[in-house]
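Take a look at these structures.
Okay, so chain A shows up in both of these, paired with chain B first and chain C after.
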Partner chain A sequence: MKDLYLIYKNLTRKPLRLFLTSFAIFIAFLLFGAVTTLKSALDSGVELSADDRLVVLNSINFTNPLPVAYVNRVKAVEGVSKVTHANWFGGYFQEPTNQVVTFAVDPETYLDVYSELVIDPAQQDAWFRNRQGILIGERLAKINGWKVGDRIPLSSNIFSQDNGSSTWDFVVEGVFTGNDEQVDTGYAIFHYKYFMETQTMGGDWIGWIILTTTDPALNESVARAIDDQFANSSTETDTSTEKAFNKAFIEQIGNVGLIIFGVVFMAFFTILVVVGNAMVLAVRERTGEIAVLKSLGFTSPRIFRMVLAESMLLSLLGGMAGLGGAYVVVAGAKDAMAQFLPNLVLGTDTALQAFGFMVLLGLVTGLLPAYNALKLNIITAFSRR
Partner chain B sequence: MGSVFSQTMAVIAMNIRSLPQRIWMSLAMILASAVVVAILLAFLAMAKGFEATLSSAGSDDVVIFMREGSAAELNSVISRDQVNLIEVAPGVMSDANGPVTSAELYVVVDGIKKSSNTEANIPLRGIQERGITMRDNVTITAGRMFTPGTNELIVGAGILQQFDGFELNANVRFGKNVWRVVGVFSSGGNVFESELWADAKVLQSLYNRGSSYQTMRAQLTSPGALETVRAYVENDPRLNLDVQTEANYFAAQGKQLGYMAIFGRTISIVMALGAIAGALNTMYTSVAERSAEIATLRAIGFSSLSAFAGTMVEALVLAAMGGVVGSVCAFMLFDGLNASTLGGSFTQVVFSFELSPDLFRQGAGFALAIGLISGFFPAWRAARMPVVAAFSKVA
Partner chain C sequence: MTALFDLKKVAKSFVKGKEKISIFDDLNMTIEEGDFVAIMGPSGSGKTTLLNMLGGVDQPTSGEVWFAGERIDSLSEGNLAKWRANNVGFIFQFYNLMPMLNAARNVELPLLLTKLSGKQRKKNVETALTLVELADRAKHMPSEMSGGQQQRVAIARAIVSDPKLLLCDEPTGDLDRATADEILKTLQLLNEKFNKTIVMVTHDPAAAKYAKRTLHLDKGEFVEEGMAA
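What follows is the complex of A and B.
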């Protein structure tokens, strides 16, 4: 008990220094929490992709179409369980800058394959029945303030209708959520048939095929069987797991992302070094006092523990506040920037990682002075004065 | 007045010369200031480099036509009829070889990015000789021009540098079509270097585009002719096209990494707050350690102004040293660093970080602000240090 009081007194002997040091630690962990959350949100597409899901793309590039007949041929491949397809619509709402990620899909099979999407059964049925119906994700609904029953005109920056207009009218029939907080719900899906009948480019073509395998172990052989089937045809395919595809897509943003996170983490560690240095020096100033404590009969291990506990407390004080700050910032940014960013969630693993760094900071900054205190010879300490 | 000045100079010199005694605290402050400056410069250089790559591609007297609302070249479609109508539009320049216009195709193909070994989108532009001569600065740096009507292509210098498999004389396979790289071109570092160029007619047939194109560029008779062309397009219902100068089009796309600059500034400001906290710690410690010295000086008649200035200048010098270290590090690490990212047309844009003098000025401003704030309060304390302190400590 007495030790605790002493630690408390030591910590607060210079309130200004205590404040400044914990503030610097606060900033470091605020940045760490916020930036790690951003990174994990960007990576969530890879993390959450299903093991047994494959995507079949035109081998030239995914912006090139596939013939719709491929859907049935893929279905016939052994090891394939469910198959669906999607087209990129290039949607925007009113202004070309206000992009709305929209896909034209085959409703029943799409929801079957993307089993992580959660939707009210009544809304689902209503959407299946209404060809002009559109199903929107919760985040998208929130950004634009759309509700079930709303009529929304969406324009396409690629396609147009027979009458020359590039705007389609839809009725919001349902809002879907995900079975995990990080599942992206920032997009909308509507009927492929409605799209094909109204757009002027003609033809029965699709953007890409998504399928599930009966067993993830078969992924590789199924992918090869599909690509072999279409080799040397007019449209060759490239089949990969959803995870690999999402990963490659994130890689497109490229080393820019890598550089950003690299720079921020470098900054994080530099703050820790700077603060740690100040903490070590602060204890060193007290050499004389430690000698007094020792003369009074405090054992060396006891002093060792006290010094270590002090830096640990300081580190946790600033760090936990920083993590809390990051939580608040993330919660704020989630709504304010919903249009630009996927679902931001400060996950447990981020918090644990941050906690680990706090303990590490406390240990590293505490160990050296604590060790010095442990080894301190009373006589030399007094004679040094 | 002269004595106040010489006193101040003497204290400043003393403080600076005694810096090595407080080596660890001083280094910590330099480091903190250096990191803030380096981070700020890294983000700004990225945004700047990207913007420069795009904005230098556009010309003010070339207009670009795209389908209404398509926003990017990839999404646009232009029919043969529309091409014919634009060629005779008033305000569009003609010379001995006919109208100075270029109808182009823009398809996306896969390339293997060296940095990640994954597939990334590269634009393959269908173009004809007119289109190449219309672009300033385009030079073939190796090999030769593609021969119209064949499966030959030329590759931009940026692609060659960031992607595998596009070396001169290599065969490249997109889907079932095989292309042969016959030349490398440079366009002075702008976005066109992130493209592959091939004959438009060959692309039309290989990609089932019939006689349609995607975008059309036209040379204006004068920079002011834009309005003439726009009026012509608006008055003809067959031309449901957006028309803008090429410079405007690329300037808008160049803003895309603008969020990087905002993100970078936000992070730097938050970081700077942390750095200031650390620096204040340093300066307060410096004042506390020298309290006896400061009080002694005051006792023998030095003014409080000299004590203030001494501490203030010490903080500024440390922060400025940090600023220099940060700038040099940022320059060595980032200037000219090549990167590629997704651009507006959903394809890779290869660009290099660019640290301009203006950015260094911003970095210097940041460092000095850190020095000022973290110097002021401790200097204030030093100036108000009671003379008694000089003697109480010794006693």
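What follows is the complex of A and C.
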């Protein structure tokens, strides 16, 4: 600890070199923090999907509807536990740019299947009873400043009502949260019956079916049984796990993430070489000084630790600044990206991981010069000058 | 006076490739506590090598080096470092100050190896700098000081932890006459007033005059004082 001043003075003796090396480290950790956060935000959608939840879609694609009668037929398949369904509303509030992700659902069964959603029982009852009631997620409520009792008109960019209007009136009956911080609460759900009675396309159709199985191990056989049942009918289905569904949905972005990840790790490797080389040179320049310290009675292990501490300090200096920068960038992007990536938060996991890499970088770049300093012989160092 | 140093049958040789260069074969010497010894001799005669062995930074090929009743040539590297920190102050020809530390911080270095508190260290540094008449330069960087001033900082660094022994390798080799005399007077003061035992290697007969006695090293042996030119 007493050597800290000495270590600090060694680190800062060439300000330009310090700036350049720590800036390189800064950039690496900025990239790392931002990209890792982006990737985990993408992954969290997949990770959070329940294992035992299956989605039944029209096999043409997911914008094509299914007959409502399918719900009961799916329910009859062996291994199926709970079944619910949803319709895409395509809502916005006042301005088409102010999108509000909204689904028309069957209230009781939907909340039963999506058991990770948490609602006050009184609010839940009120919503069940009010046909025009809407249940909104906490994040959505926050963004728009909505609260229970508010009357909110939501417009659809797909559907319209008998009276020609494409705007539906809702009453906020409750606000739901998730049982886990990462559960997305950026959407709203309302009564399927209200939707069916008022929209002009008529008919008893639904967007897709969501079901749970009695055992995740049955997922595959249940999915096959469902799809077989509707094979060769006018509306064939495509059943997959929610995880697979979400995964396929973000696959394209995911691959981009992989590419960025590769770039970051290349940057890391380059920085490792650059900083490592700078450290070796910096210590070599000090050969005489290290010999003097040793002649004063500084032991070799102590000097080893000092060099290692210096590279560690350098790595932490640049790395922490980079991580801080990443935090600012992520926080700045959060609102802009809220629509697509609700979980864009630089998490503790990422920060800890980055910290681990900083320590690793400090160790790897410091080990060789520290070892050189450890082995440095006083006599040869003096006679070399 | 008691013997501070006792060198017994010290031999030192270097192996360079296939060749073995022998510097000393059978060197014996005694240095009493409180002595001020100048060592002279032609270049390559082994003066620096001898000083390094006295200072515990080099070890003899064979023979024994005793310091105050303790055999130091067989100490481990770590124990030698500890021994140096406790007993030896080095003064080099080119001062060897840390360029990024100011005078006071340079002088403080040996104290980082002690258990002294920051406050005590500061006090001791002040004392040492005052002794070499550089108290007013405490905050100056080495690059802002003359050669003579830098050497005095180096002396302050050598004495700050109050070692018994000062080892100087051509301490005035890079200085003009007047500055050299100042440095030598300081060494003399340290010897006489503070009872520091000093071994000083020098090429300069005028510098050697400050010592209590002069040893001439030639071809690996001490030549009688009177006999040397």
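Quick note on the criterion: the second predicted complex is superposed on the first by the 284 of 385 C-alpha atoms of A that agree within 3 Å, B and C clash if a C-alpha of one lies under 4 Å from a C-alpha of the other, contacts with A are read in each partner's own complex, and residues count from 1 in each chain.
Going forward, contacts are C-beta pairs under 8 Å (C-beta built on N, C-alpha and C of every residue); 3 or more make two chains touch, one makes a residue touch a chain.
Predicted model only: the values in this text are computed from it and were never measured.
Contacts of A:G90 after superposition on the shared chain: chain B is touched, whereas chain C is not. Contact with chain C, but none with chain B, is seen for A:I379 once the two complexes are overlaid on the shared chain. Contacts of A:S300 after superposition: chain C is touched, whereas chain B is not reached. When the two structures are aligned on the shared chain, A:A24 is found in touch with chain B, with no touch to chain C. In the superposed pair of complexes, A:M266 makes contact with chain B only, with no contact to chain C. In the superposed pair of complexes, A:L4 makes contact with neither chain B nor chain C.
Overlaid on A, the two complexes show chain B and chain C touching no common residue of chain A. The residues of chain A lying in touch with chain C in their complex are 2-3, 5-6, 9-10, 12-13, 288-289, 292-301, 378-379, 385.
In the complex of the two chains, the chain B residues touching chain A come out as 24-25, 27-29, 31-32, 35-36, 38-39, 42-43, 46, 68-72, 74-75, 107-110, 113, 115-116, 118-121, 174-176, 207, 240, 257, 259-260, 263, 267, 270-271, 273-275, 277-278, 280-282, 284-285, 337, 339-342, 346, 348.
Note for the complex: chain C touches chain A at residues 52, 55, 57-58, 77-78, 81-86, 88, 90, 92, 94, 96, 98-101, 105, 109-110, 112-113, 157. On the chain A side of its complex with chain B, the touching residues are 16-17, 20-21, 23-24, 26-28, 30-31, 35, 58-61, 63-64, 90, 92, 96, 155-158, 164, 166, 232-236, 238, 247-248, 251-256, 259-260, 263-264, 266-267, 270-271, 273-275, 277-278, 281, 340.
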